[in-house]
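Heads up, there are several structures right after this.
Each of the next two complexes has chain A plus one other chain: chain B in the first, chain C in the second.
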Partner chain A sequence: MKERSSYADMQVNPCKMCMPMGASLAFLGIAGSMAIIHGSQGCSTYIRRHIAGHFNEPVDIASSSLTEEGTVYGGARNLKAGVLNLTQLYQPRVIGILTSCLAETIGDDVRRFAKEIRLEHPELVADLIPVPTPGYGGSQTEGYYAALRGIVAHYNPPEADSWKRSRNPRRVNLVASSATCADLRELKEILDSFGLEGVLLPDYSDALDAPFGEPYEKLNPYGTTVEEVQGMKVAAATVELGVLVEESLSPGMYLYEQHGVPLYRIPLPVGLECTDRLLEVLGDIAGMETPLKYKMQRGRLLDAMIDSHKHNGLGRAAVFGDMELAYGLTRLCAENGIKPLVAATGTANQQFSLYMGKLLEEEGLEGEVLQDTDFEVIRERILDRGVNVMVGNSDGKFIWEQDGIDLVRVGFPIHDHVGGQRQRIFGYAGAMELLDRIANTLLDQKHRHYRKTMLETYHAKEAVES
Partner chain B sequence: MSGNKKVIDKILDVYPAKVMKNRKEHMLLKDGGKIQEIAANTRTIPGIITNRGCCYAGCKGVVIGPIVDMVHIVHGPVGCSYYAWGTRRNKGKARENGKNFLNYCFTTDMQESDIVFGGEKKLMAAIDEAVEIFNPRAISISATCPVGLIGDDIHKVAKNAKEKHGIPVLSFSCEGYKGVSQSAGHHIANNKLMQEVVGTMDAEKKTFSINLLGEYNIGGDEWEISRVLQKIGYNVVCTMTGNGSYDDIAKSHNADLNLVQCHRSINYIADMIETKYGLPWMKVNFIGVENFTQSLRNMAKFFGDPELLARTEEVIAEETSDIEEEMETIRQKLEGKTAVLYVGGSRAHHYQGLLKELGISTVVAGYEFAHRDDYEGRDIIPYIKIDADSRNIEEIKVEKDEKNYFLRIPEDRLEELKKELPFNQYEGLIKDMEDGSLVIDDLNHIETEIIVKALKPSIVGSGVKDKYIIQKMGVYSKQLHSYDYSGPYAGYKGAINFARDIAAGMLTPAWSYITAPWRKEPLLTGKVSNMEGAESAC
Partner chain C sequence: METASVVIKERERSVHKNGMGQASAIECDTSSVSGVVSQRACVYCGARVVLNPVTDAAHIVHGPIGCAAYTWDIRGSLSSKEELYRNSFSTDLREEDIVFGGEMKLAAAIDGIVEKHSPKAVFVYSTCVVGVIGDDVEAVCRMAEKKHDIPVLPVNSPGFSGNKKDGYKAACNTMLRLMGETAAPAKAGGGDRPRLNFLGDFNLAAEAWIIKGYLEELGIQVVTCITGDATVQGLRDATRADLNIVQCAGSMTYLAKRMEERYGIPYTGVRFLGLSDTIASLEKIVGLLGDAGMEERLERLVARHKGPVEEALGEYRPRLEGKRAALYVGGGFKATSLIAQFGELGIETVLVGTQTGSREEYEHFKTITGEGTVILDDTNPSELEHFIRETGAEILVGGVKERPLAYKLGLAFVDHNHERKHPLAGFEGALNLAKEIDGTVNSPVWRHVKKEVAR
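Take a look at the complex of A and B:
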């Protein structure tokens, strides 16, 4: 039989989602915002379901509910009615207008529609931010960045002489991706520890991990505020966590090109080295050395790494999911002696192969790097390479069910366990927590079979009789 | 329930005039003294946050997806197939051929170039791959939004693929924008099954043979139903489509009786099968002890066999005695509680009996995508106005199949039975609701919040999208679409599973800590910034 990966025309068990998904998540991190997806009802419903199932929180995304009539005659009427109804019912400060496959295929121009709504309804207070996100245009990752860039561009339009403006030396823009709510809180704490006035974009840490007991508000009051986004152009620097997405989608690159904000693009702070890098960059900007707290945390992480290194050395891992996270997780595995034998993302991105290839070469590892792939290929490689632990989102559960390979659930989505939104991965503390989980999974494999293996090896006769 | 009228006013108050006018037609206060009408199956209002899905979701997600031995290829960009991957929790078991692809998700993953240049070639290649790798019994192709618009002819591809590979390839033009909800997709899917699958294979005639229509085996429901039916002595020929197999559906025309569980998604097919093959259909309800028992008795009456009748009573006695005591213990704990049910097109009705057995009364019920007949009963069908959206969904006509048509029981006996048994009959949800309770169609986010706040029900049976809204307000919410990773809930063992699950959920100590010790007052705070001007309380 041919190898599965030689088939190219059908995705079997995709390892990616669509653009409006990522864009919806980005808007959930903006205070007082709501998104409306211009398309048929299903897009918004599926995406709400998918996000709510992971975060265990209400996720309210509107739809222009296009029907056949709108599809034939254009969807402007539906979208405009949708924006007006949404405004009256929720009074959002920001409305993200996202497109779908349908809207893009019929050629609806949401940028024009947004302008028309503004003209026709001068009383409308909400800011309208149209972001084209055709489902066939990329994966959730591109959608996420497109929305962030759209938001940043909307509130920081090009200006003459913007390069010459004075900057706030304490302000730092921190653009996050693939972050859990706990990760976002970790980033805020790190910014605070450096005494920096951070603008974290986006910040869904409270919206999507809201404390019970606060009055439930239909319109999310939490997240990065419009004022904060408006202030990004005068920041001393932008630190963008993520290095793989193309520059044309990078909000940090936009701020650099249009407003001269210096840009650091660094990998997600997953694992020791990448966290070192983030702290180093923030230290440079703040003009101070790493706070004691993080020196202690780094020491503790190292201690944990040494506590578990014997077990980690037996790890033969497959890492998959969002490309930036997969890259970070692969580095975390590599620095702990867990062999990343398969590293995969469904997103089509040559940078991923390039960065991963370089990483594995540097570490002298023979891993297999797959981009633009699906879980059937990932599974084939996992079985080929004798992987004993998977590190990735819960879509790996089908391999876990079928082949019994342990899955350490990290990333998005985690649908079959609770608490995905609360897991901390970023920073020294996050790395420590994740590493312990992986090491314990490997340890349990030993514990589970230890007595049986001994019995079969040394007491084979009795084993048969018993 | 006098406050319920106020709830409707409160809801209508928040809306702009046009929306108000529309939504008003979709809600009513039950008044048994009147013939009441409700608007349903009309367009969703843009911008209000409804829980409805799309046509594709109804076709692939609900009806076609559960058939176990088919590879279901979604022709379109990645999202549509991905989001429907295993999420409905329709379970299935491989037959003798060993084929079961329910845990898989297949998509042509169309890219921008496919949208521009067409995706037919890619689709054909995907079918070739599916055959080569998985060797399925049959293949389905479901179209997503862009497919029809760019002119991909999936039916031609299906025809060519069928010739090439010698297996059935079913193609569904179920683009998401068709119709007004999932319901359109059910029609498109079922029509095709009727036209191309049902009656295409010869079947051995079995005694006491039945088909389960509109049962989707969520969390294993169908397995529990079939367990009891087989214990009594029935032959379950086919389930449409939960745990369904291609061959079973192809042979279903030869059974003696069709049982309709979900009226919404399949009643028209039951009608067509009767016209074409003479197979009568009866409405059943397998949810709840009483309802299940009644359905079993009705079935036995149809066959009229003394042994079957006796065996039915034996099994009922045996099964109910197994669960009676625990059901009663749980009922005592839940007595007097109230429920709001907002589910698809049948469960908001089906679960009321089971809840009642557990001491819980339903104060609000509504459907997501039902039609007027699901609310008002089948008598209304001739009077339902067909609008443009419904007209766009193909209606098929069938005729008597002279070769395969036969009467199961003499016509006069069937007529006699119709007087006491629910043949070709469904009286709808409204009739079973108590006076003063509310019926609301296509409930949305805002309305859910107002209802929960005003009526403070003990349980809301709904879906994952509104579950967390409800729970944030301190009310237990049970997913009645996919059962929160639990089930089965149908039949006898299902009833006790359900009772245990909801008792555990409603009575968890966690709810008792809602009011923090430093807040002696209930959580009443200032006004929220929305139009209704109501107080925001948890």
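Take a look at the complex of A and C:
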């Protein structure tokens, strides 16, 4: 096989998804909201299938079902009819209007369409939030932040003198990213423990991990409420989890620039040090020390790190997936002696390379950092470097199947195992659970072949020599 | 007919209740209605699911990344040799390509793939934006074909250019180009066994291999299966056969008709789902191709399988009898067979719908289901939820998107989707289906769930 050095012309087995995917996920975390993707029927169906397969929950996302006619003459009619139809069926409070590659290419202006719908249908009660998300404009990560920023901007429009307003000293905006439902619950618990009035954005922890027994409602009643989003501008601070995405997409940066809300941008709380950082920041805002509960959890995590450090020392890892998560997972590996030999994301982002490069340099590690890459290249590097454990989403299953390298499934999507939505990664407790999974994978590798390997390596040799 | 408020006006004619006095035919094969959350995908999806199982071809998705990302290795189609088709190649068009065009990128991608993977052919799928920015995919393919001396063929599948069914047709047109205007020259050897092509089986969980096994036992040579475990050469050889048998009618009737026109190969419909349909299909084929010897072999084959499967099914029947099922599947042939299979197990079909069924298929449903059975074309979650509750269905048959809805409503679920990992065709499949239904509908979890609902 010839090695492919340039990825300028194509992607082979993508390690990224498209912008409307991320934006759809963001809207699923807003109570009473529905998204409609302005494009041909396939975009919304593929995205629904992808999200539903991971979370095992019904996921309804509408499409404007653009056809040939709409493509030639403009899709305003399709989109407007779609908004009215979905209103009849779902009666949402919020409608996210997302674009697709097609809508952007034919030059449809969804911001204008949204204004026109408002004027033409004054009876429509839903808030319309247009967010341009051309599939070719970036990956799911950019789409996710673009939607969050769109939602925040819609409910917190610029105002004169907004910097001078009085703030609620107990309120903190927490912007999450790459979170499982269990991670979102963990974040809420942390906020509560600091006695803070948190606005978690987005919050799909109940919508996409709904308990059985409640009457099923196809319009998601759970999540961050419109009122909560409206209150973000008077918060004492915004803590945004994620440091790599550009500032123009950051909802926290919007709140800072337009409303003077102080902003902390920190990495996802994955692993010891990144969780420390989150708790420090929240402690500063709340003006209190880390609650005893987390001191205990931290100690337990340290204990677990000691317990498994010798096993982890044998780990030669490849980490891949969403860029913010891949960065956090690489830090977790590094702080436990699991060598991150390959760290990769499909998203095109120079910051990823910079942050990763710095991390590896500080740790004295020689890992390979790949951004804007695909699974063909990741696979080549994995085989080159002798990786023995992959940490990433279930798109790594192709390599798992073909090359027999173990895969610890983390992130999105996880389609070939159940329970991806319930895994906890964030916080000390999440780090401990994940670390145990990685360590046990390495232990299994050793034990499964131990007797056979020893016998074949040493016993047979002796027999030949004698 | 009284329609529920969940059925919006434009969809009223696509929702029927059997025997409740609706005179008009069901409306189908139209574009999906905007905003109602159709379960269908797009033209590209239709083309991709039909053509992708061709194992030794490179399948390049010319477009932005999403289209390739969401369709990477999603079918359970198996290969007996090459694995190239399981890769998802994409030109990953970006902002600047949308402005300046993607032709150069496509040409370079084809060069790179040919150099590295030596495919037997390259298929280039057009996506929405390619249909708009005006890339001359045809010209790029022609040049690449000359350069590399292998077939490089466009698949005309921009997502917006119709519905999923138009994608099936686009895939068939590409295969017809590969097959050529006239039949391939006869090959020496091969014996005098009758030869047929098996159209519309995608070798999910080895289903095509199972049926091929039966046919070979009868003394029939299967030239190629279209497209399960198909190869580029196999598709070319398909032009010389005595008969085309067509299973997935929705996707393959068009191809069968063109092959009849071009190469004079007659075709007939078959369905290898369920005991009675499997036997009837084998009998039909033997009737068309066979002689006394083959009839005898068929008798022996049926005798060997029928008794044991019937006996095993008989054991399931008391556990399943009287249950009510809802079906929402891709095409009509599958629904037709499932209704029959359910009938044999004593399960009543109270709701049946498809994404891309034809008018004839819907009319046929009316004759094989009872009064009041809800019949839906291109339905959506709102309607499914409403009619599942209204009909009191206890089992839903569908795919990934339907599964969570079934579970939320407390229904058992049967996966009749292209990701399934156990065969549901032939004698083995008939038994597997009963096993699967029993495993889900009689699981102990529902006992606890019922208590929860009653609380």
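Simple rule for what comes next: the second predicted complex is superposed on the first by the 456 of 466 C-alpha atoms of A that agree within 3 Å, B and C clash if a C-alpha of one lies under 4 Å from a C-alpha of the other, contacts with A are read in each partner's own complex, and residues count from 1 in each chain.
The rule is short, and it goes like this: a contact is a pair of C-beta atoms (placed from the backbone, for glycine too) under 8 Å apart; a residue touches a chain by one contact, two chains touch by 3 or more.
Worth saying up front: this structure is predicted, and the values here are computed from it rather than measured.
With both structures placed on the common chain, the touch criterion links A:Q91 to chain B but leaves chain C unconnected.
Judged by the touch definition given at the top, the superposed model places A:K295 against neither chain B nor chain C. Contact with both chain B and chain C is seen for A:P58 once the two complexes are overlaid on the shared chain. Applying the stated contact rule after C-alpha superposition, one finds that A:L219 touches chain B and leaves chain C untouched. When the two complexes are laid over each other on chain A, chain A has residues 1-2, 4, 8-14, 16-18, 20-21, 36, 39-43, 45-50, 52-53, 56-68, 70-71, 78-79, 81-86, 88-90, 100-102, 104-106, 134-137, 139, 210, 212-213, 216, 218, 346, 395, 398 in contact with both chain B and chain C.
Interface of chain C with chain A (complex): residues 5-6, 8, 10, 31-45, 60, 63-73, 86-95, 97-98, 105, 108-109, 112-113, 115-116, 127-129, 131-133, 158-163, 380-382, 385, 399-401, 403-405, 407-410, 449, 452-453, 455. Every residue of chain B that touches chain A in the complex is listed here, in rising order: 14-16, 19, 43-57, 73, 76-87, 103-112, 114-115, 122, 125-126, 128-130, 132-133, 144-146, 149-150, 175-181, 388-389, 392, 445-446, 449, 463-469, 472-473, 485, 514, 516, 523, 525, 528-531, 536-538.
Looking at the complex, you find that chain A touches chain B at residues 1-2, 4, 7-14, 16-18, 20-21, 36, 39-43, 45-50, 52-53, 56-71, 78-79, 81-86, 88-91, 100-102, 104-106, 134-137, 139, 210, 212-213, 215-219, 346, 395, 398, 401-402, 416. Those residues of chain A that touch chain C in the shared complex are 1-2, 4, 8-14, 16-18, 20-21, 36, 39-50, 52-53, 55-68, 70-71, 78-79, 81-86, 88-90, 100-102, 104-106, 134-137, 139, 210, 212-213, 216, 218, 346, 376, 395, 398.
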